[in-house]
Structure formats: structure tokens, C-alpha cells
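Below is a structure I'd like to ask you about.
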Amino acid sequence: MTSPIKPWIFTATCPSLLGTVDVVTRYMAASGHYVDEIHSFDDREAKRFFIRIEFTPQSDDFSPEKFAEEFASRAEQFQMEWELTEPNHRPRVAIMVSKYDHCLNDLLYRHRTGQLNIEVPVIISNHPDLEPLAKWHDIPYYHLPITAETKPQQEADVIKLLEQYDIDLVVLARYMQVLSPDLCRYLDGKAINIHHSLLPGFKGAKPYHQAWEKGVKMVGATAHYVNNDLDEGPIITQGIQQVDHAHYPEDLVAKGQDIERVTLFNAVRYHVQKRVFLSGSRTVVFSN
Amino acid sequence: MTSPIKPWIFTATCPSLLGTVDVVTRYMAASGHYVDEIHSFDDREAKRFFIRIEFTPQSDDFSPEKFAEEFASRAEQFQMEWELTEPNHRPRVAIMVSKYDHCLNDLLYRHRTGQLNIEVPVIISNHPDLEPLAKWHDIPYYHLPITAETKPQQEADVIKLLEQYDIDLVVLARYMQVLSPDLCRYLDGKAINIHHSLLPGFKGAKPYHQAWEKGVKMVGATAHYVNNDLDEGPIITQGIQQVDHAHYPEDLVAKGQDIERVTLFNAVRYHVQKRVFLSGSRTVVFSN
Amino acid sequence: MTSPIKPWIFTATCPSLLGTVDVVTRYMAASGHYVDEIHSFDDREAKRFFIRIEFTPQSDDFSPEKFAEEFASRAEQFQMEWELTEPNHRPRVAIMVSKYDHCLNDLLYRHRTGQLNIEVPVIISNHPDLEPLAKWHDIPYYHLPITAETKPQQEADVIKLLEQYDIDLVVLARYMQVLSPDLCRYLDGKAINIHHSLLPGFKGAKPYHQAWEKGVKMVGATAHYVNNDLDEGPIITQGIQQVDHAHYPEDLVAKGQDIERVTLFNAVRYHVQKRVFLSGSRTVVFSN
Amino acid sequence: MTSPIKPWIFTATCPSLLGTVDVVTRYMAASGHYVDEIHSFDDREAKRFFIRIEFTPQSDDFSPEKFAEEFASRAEQFQMEWELTEPNHRPRVAIMVSKYDHCLNDLLYRHRTGQLNIEVPVIISNHPDLEPLAKWHDIPYYHLPITAETKPQQEADVIKLLEQYDIDLVVLARYMQVLSPDLCRYLDGKAINIHHSLLPGFKGAKPYHQAWEKGVKMVGATAHYVNNDLDEGPIITQGIQQVDHAHYPEDLVAKGQDIERVTLFNAVRYHVQKRVFLSGSRTVVFSN
């Protein structure tokens, strides 16, 4: 009944109401779609329902248009926002970087080896440094320098590139710039950022130096969606590394980079596999 | 719609067939049972379907008998084995121990503080050493010594106790005895064992000493169901601890005990929360 | 040459100067003390030297008095603060608790089974709840209730108890009270506290609820020395647990407690084994 | 007294004898070498002493030749094998690969960004696949195909290359070939290998498939020195990843690769920083 063919992914969210699961699964069964895996969760505080289904159509004439046509009226009854993702969907991801390449290198490696099912049609940076790495991967690299004066223009240029390349997701792979409220709004829910996240949290300049002053024994990283509060958007995933007294600030930075790149990769992977749902200031993540 | 009332748990497994999810969720919706959470998984190798649902009945006259009556014929069509577990279900757990108390102490603490929803009506040991700990928790303690000659009789006595106390689950909390094939068969799928599990695996006597000889840098533990191959039953969960060259065999034992007790607790918790399904020599675990 | 006899521990700290190691190791060799293990570290920022040596005297007439007499003048040249700890040293530890028993239960279990080489001559609490647990371990339990008005008197009573029982170390095992500056000063460097430590850090009331609002994917704990800034004293060790969206605030609390007790145990163990050195606002920890 | 200049590293091992530490530290002090960090360990089973010191010469006329001349006779008394490593020492590392590039890519990235202080003068493979990656890093790539018949000749060619390029360390970064006993002997203690290491250990073909059959909940990796028993040489470090029932064999392979590359990197780093000592079938690792 099951097959090695990669499944389609159906995701949906709506207010918590009796019958939310049934309206989906009944349609799947009636249409002869084989359900390989379900995760559903009902957030009893937010009073919101989330579901992710992997399914394999059994008939040859399956089409997403037909699915949409048949399912739309059912979804409407529940104010359900839903999405259908095809098996080999490769979202178009723009990677934005500054001078640090640890995250970029890791993402491109995962991309090149098929661990990350994405297209990377463009890399954008405010510095020229990482162009050779982009070149080796045959990816166009745009150097858009930024100063306080040119910021509005530079951000407009960024948006133009994102539209020109028809981008689905922006990954801020250590872009190191504070985005304007306008750009944040534009990217809301469509951009993933990585930032250091230490125990206890340190804000402001030189966070690793502050952490060292406090003698932390762990450094961490948080991957989150961008929203209007740049470093405080909804968290997707977090990672941690142990350190000790022999780690000076520069060693904390190195350890931090290792956990940053793994954490960012996991967040992008979850997003691409449609495992992440926004729920107000939080996320529901059906990880694996 | 949702409520702080703890939900009922529905679990089921059957061969992979179109409509397995629908038969369940359709009944839930039709009966007005609110679905709080679903995990389903279809093992494409074993061609078997597994589902776990937490749901909250919305009507006052809900009864498991009525559920069974109405659902039975639907289940039959799919050769579905299913189970309904009430919100405050506390399975009756017999703990079997030898002289080591690290696992027993941890389980009783979790039991006493409500982290583990179980009854512990009886503790059985082949040694008298841990009776005081049992006494403090007001739990009957049976000292059933064992020798090569008395083994058949001792195991018969164990089984008699398990039946007398109407036991749902046996936890071998470092019982340190090789069970006879007969007792293994009796306990098949109804007993959880914990054993050391090192990298690479070491069999036979003094495993931690063997591991030390090899200079391992990690020690681990595996919690699994008992089957006829005592230490090779289906794995429920595994844990790991880092060690270094300064850990002599006795230190490895101490580190191993720490990870054994956490790992055993997690396995029992998953079992009690109906998160574990047997699938041949493997398990499906909807952990959290 | 080495022996299964547990070694003596020598610890020292002094300003960074040429010859700090030599003054110690030369004396060890000249006195016929066999050195089993050395850790030394020179903090190049604080310009301070730290050393911990495990050694086994080879002669029968070894005495700490003789060691002191011979070594004192050598230490003086380097303004070296040093300490000699005998093999079976069991510091006298007072445990202070409130109503939560997860840390207390763990410490007493480790104490009872010899994993933690300490005496626990007294347990002090502002609530009566945990007396039965203390009783089972035959440890005097003092219930010293506290209100805003009685705080000065209660703290005076606490200090009196600490002196009466000749306490070396105070462990705040979820004592849940804000100590007065006076008591903090009294306990400076002689008390270990455990507090939740989340990513990012949350201060104020209901930290786990705040963390849940932010949708954190990890909860943590920090064990640290008490100083005048109650929750910000020098960090000894930190621990972390993964969580997900299905963990409501009460679940975060439960997960947090598990990591709190392990983290506090590790901190106390490191302290007792003389592995922790204060270095300003930081610590040097020769962990194992 | 200390300085941001990277320190020299002194490492030594000899039988356990009174005075082993003193002979080293006394010379350091007498010569005016500032000791930044010491780790020593006395293996009471192997009766062997190990020491690693980071030190900063204070005089301008320091030379390793002078050190050797002055220290040699002292070392001789203790049958001490010792080594002096200069601050910017970059050992010459040959990387051997097959078709998998996850380890190679990671090592080259760390090399390129300075996280790993090594020269990589040559990459050797029995397949042509990874040549482009080598080219981008400007590293000569030798494709030496191998069959049962050509194995002796191929291994002779490998050895010739290792000598031609004056190689200090060989890293088998998933080379996937069983080395002949002769080549093993040649590489004894001078080559690091990475292999999967699962719980419980699985030997033979398709280890991840075997592990999946058993339903393991963790996959791991072990980095070790090559000796005559190919996959059983002295362990340097080990790593682990959690998996669950939804990971089919190919998913276990992917998870395994992630932990393989980190584990291999750590092993190479420890070796390069002179943190690893062989002690019979085990290692002493002064990790950080």
C-alpha cells in the first residue's frame, strides 16, 4: 500500500473546533490518498489547531488543482488555512551574509549534497568577501554595501533582488545588519535568522565577551523567524555547546559558530519540510 | 473547545490499508470527541499502521463501554487492535531488583511525586537489601532468594505474586538475573529491562571493565522490552554519558548508573503514557 | 608506585609569576609525595594561577602539620593561598529547602549511596513539608518560617544553626527565598545556589511561564556560588534539556526540575572534590 | 607575565616513578619558561605517567635545540619520551577518501578557516569523484584505484606518496577500504580513522541497516588510531545522535554522517594539539 515514492505534504491550521481533523482525514480517505504520517496538535492556550500530513495519492490522475477544488469548500467551514506541497518541492532560498562564512559554507554543502532540498538562486552580502565560495557553487553573488545613509536604498535593492529571483525564503546566515522595520515587515514569517543565545542571555555588543566575563559554561544559538523585533521573533530551534574556563572570548566565538551552523541548518530543514507553524509569538514544530 | 481536563488516550495498530486513519477520526468526530493531538506513523517496511490520539469527550454520557460497542465493528474491518486508556489510568507496576538501588530509588521518587502515574503494589527481590527503601514508601517487599536449583520454584513464586497483585507491567530495575525462557515468554511485551550499552557493545561478564580496557569515551544504557532473547528485546529508548581516561572501571559503573536510571524512567514513562508500540523486533515510540 | 589508596588533594592559587608550578612540584618531589594528577591553569586576563594536585605520600610519617610547616615559607614568596584536603574528607553540608524536594531527594540519595562524600548534619527549611524525607535519613530538620517582619530574626537563626553545626558549605536546594545582603555576605563563596536558566534568560516571577510565552525549545539550570547579587554569582556548572511546543508551562517546570537536580549535584561534587576556584566573577573548574 | 603569544607545547610519557613531574617543572622554572597550563595523569593500571604543558619562554634566545640539549639527560633518568611542539606547528596531513565527502568537506573547511592548524599537501582516493573539491582548495588529488589484484601495488603507491609529501598524519576520512596488515603496521599511531559505532555495536556489511532492524534510538561514531585491528584501534573520541522510528536506514546513514564529521574533526584537533597519548590499547586525552 505504501511506496518508496516521496509523499505529498498537507499542512493546515485553524481555530480549535470539533471536526477539524475529520474534515481533513475524511477527504483523504474518500479521495483514495494514503496517509503515511500525521502529526496534529491543538494548542489549548492559543485555541488553535495545527496538522501536518504526509500522504501518497493512489490514483494516477491526482492533481493539486483537483485537490484544491474539492477541498476548498470543506476548509472554508473551519476558516482553515492550508497548503499542499509536492514531493520534490525545492523552495527558492536567498542567503544573506556578511563576512563570516561558517553558516553559508554549511548550508551550501547541505544543498550541494542533497541534504537540504532547496534552490539557492542568489546570495546577497554587504561585503565582497564570500564571493569565491558562491562562485564555486555557481550561484550569483550580489555585493550591496551598506552605510547609514545608503541603508534605505540598499534595502530597496535587496527587496528588488528577492522579487527578481522569486524568493520563497530568506536565510540570514550571519548577515550582521539590523534590518529596518520596513524590511522586517516585508520578511515577516518568510525569513529565518540565527543569533547567539547564551546562558543567561546577553544583549548588546560583544555578547561572547560579556558571556566570558560571567564565566558561562555553555554557549548556545537560536534560530527564529524574523519579525519586527529583530532578535526576538518566534523561535524555531535552539542548540548548545559546553565550554569551560580555558575558553577565552575568541574560543567562545569559535564554539558558538559550530552550534550556530547546525542550529540554522536544522531550522531551515524544518521550514522546508513544512514542519514549522507560527502560533502568535511561538511556533509549533513537528520535528523529526 | 479544549479543556484543562486530562484527555483520554486511544491507541491502535493494524496492517497498512487505505482508510485506517479515517475509520478512527470519522468516529471521533461523529461521536463529538475533541481530538487534542494525533501521532500516526506508517511503517513502510513492516507495512503496519500505528496511531495514538489524545481526545476529550464533549458529552457527559461518555463511557468506554459505549465507545467499544460503537467502534468494534469499524475496527474489525481493518483487523485493528485498539485500546482506550482513561485520563487517570495508573497501571499496576511490579518492580524487581537485586542489590543496586539507583533505579529503584529513582522510580519510587518519580512515583511518590507524581511524575510517574503508576501504582507500585509490590517490589520483588532475590536479596533482602532494599527492603528499608520499600518500607519507607509503604510498599510490600518480597525477598525470593534464588539458586540454580531453586530457580524454577522461585520463578513460579514470582509469577504467583504478579498474578496475586494483578500486575500490568514488570520493571526489571537492575534485577541482575537471567530469566528462564518460560518466564521471558510469560513477560513478553509486559516487562521492561535496562542494561548497559557501551560503544562498541560488550557482552558477558564485567562489561564496564571490558569497556575500560578498550578506552571508551562514552557509556550508555538501553531500556527495552523483555522477549526470549533477554538483552536483545525491542529497544524503547537509549541514553549516553561522556567519560574520559581518568574514569577507572568503578567510575564507569557510577556514570553508567546515572544514565541507566534516567533511561529506565523514560522508558517506563513512555510505556505508561501509551507512547510505545511493538513492531516486530522494533518499536514505534511517539515520544515527547 | 601508585596505589588504590585515595590520594590527598592540594589546591592553590596566587598571582601569575614565574616559578609558581615549580615551588609546588619541587616540594612534592623533595618530600617523596607521588603526584597522581595535576591540573594547572593560568588565567591570562585575571593574571592568576590555579593548581590542583592529587598526590600520594610515600612515607608513613606524613602529616598535614608537617606539610604546612615545611611548605608555608615557600608559599609565602608567591602570596600563594593553598589548602590540603585529606583523602576521606567529608565536608559538613547544610541543605536549605522550601517545599520542592527534587534537589533534596537527589542530594540525599547521592549522600546515602556514597556518590557524594559529605556529611549532612542539618536540613533547614521555611516550611515543614520535607521533614519526613529528612527523618528517613536521620537528619535533624529545622523548620524556620519566614515573613517580611521575621526575616532578620529568621536569618539570624539560620546563621546560628550553621555555626552550631560547624557547617563548611550551604546548599540552597530550591530554598526559594531572597537572602538579605547580610546573609549573602556571610555565605559569600560558601554557599551554592541553583536557579533556572532559560534561553534567553528570564528574570522575575514565573520564569517558566515567560519562557513558554517565547516558545523556547530548551530549558536549563545554572549552579553558582552565592554572592551579593543573588542569582548572578560565579557560575560553577550549567545543564540543559530539550523541550517542544507540547510542553505547557507546567511541563517546562517538570523538565526544568530534572536538569536542576543533576546540575546542582555536579556543582556540589566539584566543590567537594576541590575542583572549583573563584576568579573574580568567574570560576575555574577542573571538572572530570 | 602571560602573553597573547601562543605557547609552546611540551608532552612526555614515562613509567610511573617518583619525581616525574618535578624533573619537568624544575627545568621549566630554572630555564625561565612560564607555565600556562599543565595536565598530568598517572594511569595506575598501566603504571604510566603522561604530561602536557603549555609554556611561554621568557627569554629571547629560546631555541628547541638548546631545550633538547639541556633536558635530554634529565629525561633519560626516567626513560621519558618527550616532544616539543612549536606554537604555530602545522603538521602535514594526508587525507584519504573514497566517494563520501562529508568528512573531507568539513576538514577542508576547518583547515581553510584556520580552525584546524594543519597543512593538507595531498588528498588520496581510490575514486575520482572528489577531485573538484580538492581542486577548489588547490590541493593535489591522487586517484589510485584499487582492486583485489592491484591492492599491494596501490598501497605501495600510497606509501610512496606519504613519503614524497613528508606526511605527519594520515586521516582516513571515510576511505572505505580494508587496509592490509602491512599498511596498518606502517600507519600504526600515525593514522586516524572514523567508523560508525552504534548501540549495540554492529559489525559487517550494512551496519546502519542492521541497526535499523534492531530499532536503535541512537547512532554514533568513533574516531580512533589505526592499528593492526582496523576498526578496533585505540579510541580518541566518540559522538552520538538521537534517532527514532521514522528514520529508515538511509536516514540513519545521514544522521550518522553528521556525527562522523564532527567526531573526526575533534579527533584530528586533539591530535594536532598534542592532547592525545597512546597507553597500550587505550588513550589518554587531555581534551578541552
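Letters A, B, C and D mark the chains in the order given here, with residues in each chain numbered from 1 onward.
Definition applied: a residue touches a chain if its C-beta (ideal position, glycine included) is under 8 Å from a C-beta of that chain, and two chains touch if they have at least 3 such contacts.
None of these values were measured; they are calculated from a predicted model.
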(message) Can you tell me which chain lies farthest from chain B, using the average of the Cα atoms as each chain's centre?
(response) D
(message) Roughly how far is chain B from chain D, centre to centre by C-alpha average, rounded to an integer in Å?
(response) 41
(request) Measure off the straight-line distance from the CA centroid of chain A to the CA centroid of chain B, and report it in whole Å. (result) 36
(request) Would you pick out the residues of chain D that each touch at least 2 other chains? (result) 37, 41, 44, 244, 246
(message) Testing understanding: with touching defined as stated, what is the shape of the graph linking the protein chains, line, ring, star, complete or other?
(response) complete
(message) Show me the residue ranges of chain D that touch chain A in the complex, using the header's touch definition.
(response) 37, 101-102, 105, 109, 113, 115, 136, 244, 246-247, 254, 288
(request) Mind listing the chain C positions that touch chain A in their complex? (result) 41, 43-45, 197, 199-201, 212-218, 220, 222, 232, 234-238, 240, 244-246, 248, 279, 281-285, 287
(request) Quick one: which bits of chain A touch chain B in the complex? Just the residue numbers, please. (result) 1-4, 16-23, 25-26, 28-30, 32, 34-42, 44, 47, 51, 58
